[in-house]
Amino acid sequence: MDLKQLLTQTPFHRWLGVELVRADEHEVEVYLPYREEFNGDDDAPHLHGGIIATLADIAACFAVISASGHDVPSIDLHVDFLRMAPCASLTAVGRAIKVGRTIGVADVEVRGEDGRVVAIARAKVATNAPGRDILTNKGS
Amino acid sequence: MDLKQLLTQTPFHRWLGVELVRADEHEVEVYLPYREEFNGDDDAPHLHGGIIATLADIAACFAVISASGHDVPSIDLHVDFLRMAPCASLTAVGRAIKVGRTIGVADVEVRGEDGRVVAIARAKVATNAPGRDILTNKGS
Amino acid sequence: MDLKQLLTQTPFHRWLGVELVRADEHEVEVYLPYREEFNGDDDAPHLHGGIIATLADIAACFAVISASGHDVPSIDLHVDFLRMAPCASLTAVGRAIKVGRTIGVADVEVRGEDGRVVAIARAKVATNAPGRDILTNKGS
Amino acid sequence: MDLKQLLTQTPFHRWLGVELVRADEHEVEVYLPYREEFNGDDDAPHLHGGIIATLADIAACFAVISASGHDVPSIDLHVDFLRMAPCASLTAVGRAIKVGRTIGVADVEVRGEDGRVVAIARAKVATNAPGRDILTNKGS
């Protein structure tokens, strides 16, 4: 299985419509096309924080998966919402900061369609409870 | 507008189906009935971390809204995933720890249907950028 | 070695003068008597945030040590500073939330001499890299 | 007052011996010479996590002070300890990520004498409660 296939093995990812744009050894880019259901308010035009946190979680996990070659469960997620996200698509770049024997750490930047950073996130994943092996650029 | 109405003024909340169970002066309980789209894996039976983070964000915000009487935007969200969440409904209890002039802080516990805590979260919201006034137990 | 001895096996703890007040199975209380060197400002009367973070780190680690019976290294530390801490002694209560096979999680409340909470903290420690065995209430 | 003077206006900074190496518009570098009192263990050779957290707090605050021209109080501090820090000097680089009207966000990397990153940190400070005006590169 490769990373793109792995991303689609998740019912929530399929509903979100999230796509893997690229996966390098320590960095991935994921794209979330806009859906009206993502909106955070009927009147004010911005995305829900949970959508941004979800995308950050995905980008962080896939950055460590890309670096380690194994599926990994989340340990924690820390998101700083820097500005309201316009009701439009999002792009997140996740970068593996550390891939240790038990813990991996990744940083994420989430940007709106205009390229402005709407949130930054940092997450930890468990690398000692690896799931399925993944074909990464590194391993293939 | 009261808190239950406010919760439904958000397209993402309506898709999630999240419900306000109770709202006291500093504490709220929100309930998320199960949907198959919440699943985190086609093969392994657990909910996606983004769903848990989203519910934590909602419970934290509504705890501070209940305490302050104003809608509030999120500043940050910190989730610790303590165990895999079974593919079933979730309940989150949010409690306002501090409601200051510029910042509110709330703690959240997210539990599965069996009552076990699946995640704990801590979030900050901006109380100096208040949105719509809300009819709370305190104010009504 | 017991917990009180362990606390004094650290040069930085001895300089701080930190004391273990009590240690239950999942909760510890540590006391930090005031020193002028802890001050955060020559003119404004409050303690330095680093002192508060340090005390939180100690209380979190010792809560998990008390629960697990092993010395544990820190993984992360998350402190929310809720108000300025007066230039006086501090007390921190650390409570183990989870003691898993690889990770422990603890919550901390730091209070000033007047009993007001000046900071809350949440920390993770590595329980799979245990150091010296400790005689705890549980084990003794 | 300039940034170097501000750094020494704090009793805890003077005890630590922390020095400002450089201050650019959005980035500062601070240096912490080694003291034996910083040690985390009588037997194992590593620095105490509280020392690392303290240095991260200082670097984060001074990054935002350098960017904003005002002294700022800490809101929160989130440190990930990536590896044990050798008993030697530390260098921290703090970078202001956002300097908003009410909140500033900064990222910090803490490195040991060998140049390896021992911790990464992210912190928020209050920019709406500014203290003394500071002469920065920007303003001078």
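Annotations for the structure displayed:
Read from first to last, the chains carry the letters A, B, C and D; within each, the first residue is number 1.
Going forward, a contact is a pair of C-beta atoms (placed from the backbone, for glycine too) under 8 Å apart; a residue touches a chain by one contact, two chains touch by 3 or more.
Bear in mind that the values here come from a model prediction, so they are computed numbers and not experimental data.
Listed options A-B, A-C or B-C contain a single repeat of the B-D interface, assigned here to A-C, on the basis that more than half of the contact pairs agree by residue number. Between A-D and A-C, more C-beta contact pairs join the chains of A-D. Between subunit C and subunit D, the centres computed from C-alpha atoms are 21 Å apart. Distance between subunit A and subunit D, defined via averaged C-alpha coordinates, is recorded as 29 Å. In this assembly, the C-alpha centroid of subunit A lies 33 Å from the C-alpha centroid of subunit C.
Of all residues in subunit C, those touching 2 or more other chains are 75-76, 78, 80, 124, listed in ascending order.
Residues of subunit C touching subunit A in their complex: 75-76, 78, 102-103, 124, 126, 128. The residues of subunit B lying in touch with subunit C in their complex are 78, 80, 82, 97-98, 105, 120, 122, 124. Of all residues in subunit B, only 9-15, 36-44, 48-51, 53-55, 57-58, 73-81, 84, 131 touch subunit A in the complex they form.
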